[in-house]
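See the structures that follow.
You will see two complexes here that share chain A, one where it goes with chain B and one where it goes with chain C.
Right, the complex of A and B next:
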């Protein structure tokens, strides 16, 4: 098997997401999936309220063009697509639900950020189609009602780890930068152990396991 | 032709910065009134509101404002008087001038007229730039001097002689204009020194002279930075003064089995370090840039981020087309250093994101957006498909929709949602002063509630109260060491929290406060009378003005 694939699988297995989901497996397996509703009352009432304000200002036609179901849906869809790329989601906090995140780290460790950037650069340089594929994956996140939801973004997270894997493999194949490599490993051990410490010592209190 | 285009950019920038300048944002906020009244005080007495002669820091509500904007306001207020237009004239003017100067800078840096025109045009209509150059003056002023400093430095690099001194002078003025520049400018200068070290070494003498000039100009600033007020401000707003809550630390200690684990994972270096990293990347997050913007009412534009939705496309295409400026290695390095350094002032403060403190980001981002347009244009001219017009049409639709939505939001929807309180635009004080001021002599005392903070500034400002009379009465009351202060009062005015069950027994007193402080059902007609109600723009009640008998 290709070295970068092995590294990618290893990195993903070390990441917070599978551990957290496994930790709450029994609860999550019973959880309902809430799909995005185009006609939700909140959505409609916001449109009507805003339109009312525009109408009062005497420019109702302007309101019809800019504030309608289609534009609001597109805006909402755009927001949900883009929130997959939020550093707060990816690195700092992850899912808003405590059952899918320890809230102390996102699905990707901070240490992988430079490698993610490097991986993207390599994909772009080699005109790799995987880049387009990974950029399309967050579309799945639009389908779920909850913001920053992890399950619908799992394929995207896996895709991101693939790109991190590319960056890591390429970097560790270089024959220099010994100190940087050592530093990366130390920081990785630190981040991983920090995550495990949260998962085992603090997280059970957060989800009411004690 | 070039000159006409730059003039056109200036006219567009001016139009968007001056259109309804006194009506949107809805009202002056307390920072703006503080700048205005202190400038008025300097005109009348040569002193600030506390009677300090020509200070280098204006204490104001205890937030120690930078001095330059106040001094720049002096001639403006002298000519146009103490009013909304005077306060907002300079930021708009300097904002428009920044646009043209930035356009010229891009032209000088990259030698690409299309890139420079596009960058200028995009900046002229940028929601982020407009947000802070139509109001909240100090940031616009600081940013103008940064651009002027960079432009003149670049002119000097290309063979100029005196421009290095202008550059040094401009960067120094930027430090006197806005707090964020005090971190941004020195770090940017270090980056510039690293990028252009060869050129600087070749002309070391003028560089040292310019550095000394800048140092001398900034020397008074160093002393003012060491004042207790400035130290207090730094501790209050930055993470350096932040203390993790005791409950949090106790909880973590209890849950961690060994103290060693607690010390390893919850020490200040780790937790504050992660906070800083998080804050830094938040400034680049799509949620901040395109979707929601910052949480603060005064910075936000309802329903969008600090940039247009169409900018998502331009940013991605622009990044992919960086090779268009590849030959200009140093200039590209400068552009990215600028972008990397700009969020630093926002990073060290406690707010997770801050559009105002990271304002300098807007300039390099505009160059990347302009590269995006050039990239799209290049693709369009190369593409042979007859359907090539479709993605262009989609992009243009998104752009025009975003731009239209921005105008709708900025001029109508945002004011209806951001009018209230100190983090918003503090609407209602002007109307309150207009009602209360003519009545004040009929009462023993006039008590104005401080729930919406800073009323004394609005009363001083709109009454054009004689600073010579105010200075001996000026006294700042602070609830605790972490809060901003409130002016105690002047003449028969008192600015404090109203406690109606107690206060209603005060005879012949005029009260003005929000419904949370003066309950309508507790206004007993035998004891007191509701004179008027002042409303917010959406019809909610802002202030009750009640007189006791």
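Right, the complex of A and C next:
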């Protein structure tokens, strides 16, 4: 079997997101999905307020052309799309919901960051199609009302694990850097242990399990 | 023989474009510069500059100090010294302080243009970089307020330019670089980390060129060390690091409390010590801060959470430039060169200093050195794409940039001053002017010092003679009580706060004595929304009122007794 697939599966099994979702499976299976509302009252009132301000400045036509549902939605959609690449979401805190993230780490361990960057570089260099998928998948996050939501971003997160796997495989295939490889393995084990320690000892208090 | 200064060269498209950009930069940076009131740090810069101008001492009495002593901390000196000519010409007001930043901001654009031309050897990329830096919110905002970072950026840009010129031309350029880099340490604390790393990077990147000409660096090294000698004394004596100690994550007690809390879950368990310790927590915070500096939320959508550092609702860079930034990064990575890319290295080290401080991931001031590499990478992206898609593309880019700039500038000059005035400590200028205007009525002044430190505001807006201040000022600690008002005094002015809970009664008691005047705040001494100008209080006369911008609600009163 391809080494990168094996590493990808290992990384997936070690990563925080599957464990956290499994830990809260019973609660999450009853959770509702809230879709994004394109006609939300907050949206409309923001547009009207900004248009009013522009009208006072005497350039009402500018308001009508540039301040409308479409431009506001595009800005909001852009923001939600880019949330997927936010370091708070990916590395340090994850989902805002305590049931989908321990809030002590994101879906990706920080130690994977160099391999994520390396994996992206390799995909770009080889013009890999996976890059296109990973860049398109965060669009699903736009459809859900909650910000930094995990479920809608699961395909994207899994895609990121694959790219990390590519970076890790390529790095460990190199014949030199033995001490660096040893250090990376130690740090990876440390990060995984730290996560498990937090999940089993501290996180239950946070979700009120006890 | 060709005429070096031919008209064709002077009025070349490149020169004309650059002049247009420069004029635009100047207009954007000085238009309505006095719209917002000066906040505390700006007032401190101004009064220090004024004191140095008049007495050659800082306002605490230190003669031509290496580090200036303010009421609350020691301040890096170079920006304050550079403000002296502006204060001398324009006076002790918004123009005197903010034109200093605007001046350095404009020079930032000039030297960025020169540096990009030197490194990229591409006039078009340099022109785009100059234009982008002229209009992006990050640089525009900081060029319009009395922050030291525009001067710091100038020194780094000029120093880098001089260093690279030195590799190509005369040795004296290295000395120029040494002067600029050394002076950056006296400008803003970020330089302590950034400049140190940046010098090492420059020496590493150009190590092959320097290998055969190391001896040319000796005079520059001597100058560098000479300039830094006073700085090194300040490090050991404390003033150079006092600010860092206040804001660094290593002094943050909240992190220690977090560790204690986590360990308390199972105090006997050794794994708690292993997983929850200072090393890990500090590493995590530094990494979090570092990565946040690159987050889309900070760069493109929300900016710095402090409304004084960013116009709310706008990021530090226009979102529309994200696409060009990514293109620029990819182009830079693809470039076949034996040398590491200067701009990517600059971008990677710029957030390090800020990452070591509390909240440093979104602190636009401490992250300001990220501006040049971001701008240049955007410029490279625009140029690369416009080389492939000619014609209408340029028009579209200019239209988009114009739309972004108009929207931002309108918000900055029209709505921001009315909505965020509190963050600029609005009201004190008018309030102190009321104090000045009522000198014939008031014998003693009681000024509320519990909101913002009012002493520096009083000194600045009254233009108090620094010599007189040095001779009469004792201490800014509240070491006496007068009529229930805990205070320190300067002449007939008492700075402090009322001790009793019912502050309105305290004000009445003070004003019962003839000749006493009190500077009171709405929602403090004057409870709730009670407008005492319209609904007077017995025994109190409103001598003057400062109203909030926008809704014109009462904000600060100058009150006198009826006798």
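Note that the second predicted complex is superposed on the first by the 210 of 210 C-alpha atoms of A that agree within 3 Å, B and C clash if a C-alpha of one lies under 4 Å from a C-alpha of the other, contacts with A are read in each partner's own complex, and residues count from 1 in each chain.
Definition applied: contacts are C-beta pairs under 8 Å (C-beta built on N, C-alpha and C of every residue); 3 or more make two chains touch, one makes a residue touch a chain.
Computed from a predicted structure; not experimentally measured.
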Superposition on chain A - do chain B and chain C clash or fit: clash
Which superposed partner A:91 touches (first chain B, second chain C, both, neither): both
Partner chain(s) touched by A:124 [first = chain B, second = chain C, both, neither]: both
Which superposed partner A:78 touches (first chain B, second chain C, both, neither): both
Set of chain A residues, in rising order, touched by both chain B and chain C: 53, 57, 66, 75, 78-79, 82-83, 85-88, 91-92, 110, 113, 124, 194, 197-198, 201-202, 205
Touch list for chain B against partner chain A, complex: 252, 255-257, 261, 265, 270, 274, 277-278, 281-282, 284-287, 290-292, 303, 309, 312, 320, 352, 401, 404-405, 408, 412-413, 416, 538
Residue ranges of chain A in contact with chain C within the complex: 53, 57, 66, 75, 78-79, 82-83, 85-88, 91-92, 110, 113, 121, 124, 193-194, 197-198, 201-202, 205
Residue ranges of chain C touching chain A (in the complex, touch as defined): 262, 265-266, 271, 275, 280, 284, 287-288, 291-292, 294-297, 300-301, 319, 322, 330, 333, 403, 407, 410, 414-415
Contact footprint of chain B on chain A as seen in their complex: 50, 53-54, 57, 59, 62-63, 65-67, 71, 75, 78-79, 82-83, 85-88, 91-92, 110, 113, 124, 194, 197-198, 201-202, 205
